[in-house]
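For reference, the structures are reproduced in the following blocks.
Two complexes come next, and they have one chain in common, subunit A, joined by subunit B in the first and subunit C in the second.
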Partner chain A sequence: MTMATDSSTPNSDFQFPPLYNFPPFFTLQPVLATRKSQLQSWSSLIQSYCRHHRLWTLTLVDALETPLFNNTKLSRRLSLRDARAIIDWMTTPEGDSRAEWIPTTGKKPSRSDEYSEAGKCWIYWKRPEEWASALEEWVDRTGQKGTVLTLYEITEGDATRREEFWGMDSTLLAKSLAVCVKRGKAQVFGAEGSEGVKFF
Partner chain B sequence: MGNSSSTNKITPRDKAILDLKVQRDQLEKYQKRISVITNREKEIAKECLRRGDERSAKLALRRKKYQESLLEKTDAQLAQLQILTSDVEFALVQKDVLFGIQQGTQVLKEIHREMGGIENVEKLLGESEEARAYQEEISELLANKMSNQDEDEVEDELEALEAEVSGVKLPEAPGNRIDLTEEQKAARAKERARRRAQERAAGQAAEPMAA
Partner chain C sequence: MDRPRRTPGLSSLSSSRIASSQYASHGASLRNQSEQSLSTQLEVFQSLLHNFAVTHAKDIRANPAFRAEFARMCSALGVDFLASSHHREKGKDGGSGSIWAQMLGSSVNDFYFNLGVLIVEECRATRAENGGLISVAEIRQRIQRGRGIGGGMEVSDDDITRAVESLSPLGSCFSIMKIGHRSLIRSVPKELNTDQSTVLEAIQVLGYVTVSMLQLNLSWDRPRAVAVVEDLMADSLVWVDTQAGENEYWSPAYMSGPATGNG
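Entry: the complex of A and B
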């Protein structure tokens, strides 16, 4: 589920931007202005790549081998250090908070260096609050206000196969629903592992 | 939880429905697992055949068959669960409808009570009829009070109005003033003088007759 590399094959091929075939793109530039625009381009590339392949998280060491960071045609690839710098930038408000490191240990590390080599992160091509709105919109559109829905049927059911949130990581779903709950639009209840949600 | 959820409570009924749906999900998951297993058995059978091990291939296929029979059984159970959940949800809708009808009837009754029953309505209608008859009587009395002269005047006015309405429409007078040249002014003055002289002559001619 985390690295849905096999489920991406039925999709049509991802169209990489022209910048992807430009060798210097794979080395982070030292000049600040250049670097910033480069970070922005990488951020949007990562987001659209993950959106296309419906990836919710990236595990950096694995991702470095995928076409996203490894351009076999140019035989250029992004280094782990640069990839981490890009994700780091994406987690900042300046990077539009489009990523979030997933802590491996219980404590919340402040710097990315504290992560193991296999840094894992959320890629928010939609942030939890954006997902919350999408879910609310879906419930509204399908007239399911007041009905009890299981979390499983939201992400895995046949009825939602055409929705963007189909196959969503359960943790991310829980995060998004928490936003709905905070907005007073939904209530999550039930035992651990078999939770349900009721939208109002 | 939050203060906003105070109006939206999760009822025990919701929990029961959730349990039902979770059961349904579990069956679905089980089916997924079985289909993975049957696919794997098929692969194993293929692999065995390639190696020429017919016996193992048969065994794998037999296992696959068994799993498939399980799948069929769960299909029926799944359908049953789905029907039950739909029934429960439909019953809830029915309850809402019933509640709506109840409310509506109550409101309707209340409004009827405010109107004070059939007798009151009848009485009111009777009264209104009476008042109307009275008014008619007054009108008649007033109409009879009119003198013949008044009636004549009324008729004259009516005729005049009719003539105005149906009669020839007069052309409108030009709105703007016509500026006359000196020559024209002089001509008009002369014309006027001539007309006045004529009139005077006619007046003198008529006087001796009057005298």
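Entry: the complex of A and C
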């Protein structure tokens, strides 16, 4: 079994919950009530894992080899089908809309099995609207209302190094800013690749 | 009563009357004496217990080991300080309240009731996961970790047992059951049958069971073993692990058991 070398394993080790050491956790339970609680537990594990490692998306095929889905100590792993079922559940309102499939092709398939085998998805440990609020709060806190900010300095700048959105995926940032715009809290302008944003 | 000598004549009548009245008065005075000494003893005992409780109230509240010892002492003396707090309302018109409420400022009673509430919350929160069966040790860890800010308190297994017992007026929903050498809190009004208890006991010893293990060790027929684990699974009392060749059945009630460690 090869451990995927993860480039994004900073600082301290991630603390897995006790369930992670419970072998049946890696088999989706056939009983509905149990399964529901299991999905919930997986969802919060995935979210906190991604938050800890600052992952914005998961590609299931690759993620299956990471410690998140593969407990080498127990030699238990989540199957692709089960992982997909969990992400599927996370995309539903019942799963608190904590994930979203990313279409690989131009058209928008309606079901997950229509996606390519890779199965790439957003993991929303904060949803775009929550990121929007975080951004607004940051602008407010640092008194940058009315200033033009580049998208680069928001996610890569030294000033935001301590913020949760530092290093954020640019597509997700655009999604979040779109929410700000919709709320009438910001304006995005400039050409593709060199956009700026102004909060008010 | 043997009279030493029977006096002849009428005087025997009066003398026997005098004797019996003297016996009666002596008996009364004896009873009086012992009653007095008993009540002084009780007073002394009460005041000592009071002093003890007052001087150590802080320790009783703060130190789980001390609290357990105190509770053990009380139960050895036949005093149930949890039960006595139920009379607190009556005490209002009597003006005195329960002696324990007086002594400890009712904080020890309240401590157990609060703990009871926390236990109910934890049981409810984990019910979907474990089918309403959770080990006392697991509950203790969860409560010590706490959920809210400033949450988490020092409790012992003994405290939890006592708090669960204090929930008994609420009906039969919460109770402590013993499977093997472990205490579990049962928060669903479901009785386990013997087969189910046997399987849970086996899981506790081995960590998991498989159908063939049950067949071999308990010499059950296959349908019987299958039926029991399926029943347990339907109640979320065991989870199935299909990645080990033969299906293994694990109990989430023992999750914090032998197979812990950080991944």
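The working rule: the second predicted complex is superposed on the first by the 193 of 200 C-alpha atoms of A that agree within 3 Å, B and C clash if a C-alpha of one lies under 4 Å from a C-alpha of the other, contacts with A are read in each partner's own complex, and residues count from 1 in each chain.
Everything below uses one rule, namely that a residue touches a chain if its C-beta (ideal position, glycine included) is under 8 Å from a C-beta of that chain, and two chains touch if they have at least 3 such contacts.
For clarity, every value in this text was computed on a predicted model and none was experimentally measured.
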Side-by-side fit of subunit B and subunit C on subunit A, or clash: fit
Which superposed partner A:G184 touches (first subunit B, second subunit C, both, neither): first
Subunit B, subunit C and vertex subunit A (Cα centres) - angle in steps of 10°: 80
Touching partner for A:F200 - first (subunit B), second (subunit C), both, neither: first
Partner chain(s) touched by A:V148 [first = subunit B, second = subunit C, both, neither]: first
First, second, both or neither for A:E164, with subunit B first and subunit C second: neither
First (subunit B), second (subunit C), both or neither touched by A:P24: second
Which superposed partner A:E100 touches (first subunit B, second subunit C, both, neither): neither
Subunit B or subunit C, by number of subunit A residues touched: C
Subunit B and subunit C, minimum CA distance [Å, superposed model]: 33
Subunit A partner contacts - residues on subunit B that touch it in the complex: 1-2, 4-5, 8, 10, 14-15, 17-18, 21-22, 24-25, 28-29, 89
Subunit A-touching residues of subunit C, taken from the complex the two chains share: 128-129, 131, 208, 233-234, 236, 239-244, 248-250, 252, 255-256, 259-263
Touch list for subunit A against partner subunit B, complex: 147-150, 152-153, 156, 181-184, 187, 189-190, 194, 196, 198, 200
Of subunit A, residues touching subunit C in the complex: 13, 15-16, 18-27, 29-31, 33-34, 36-38, 40-41, 67, 71, 73, 75-77
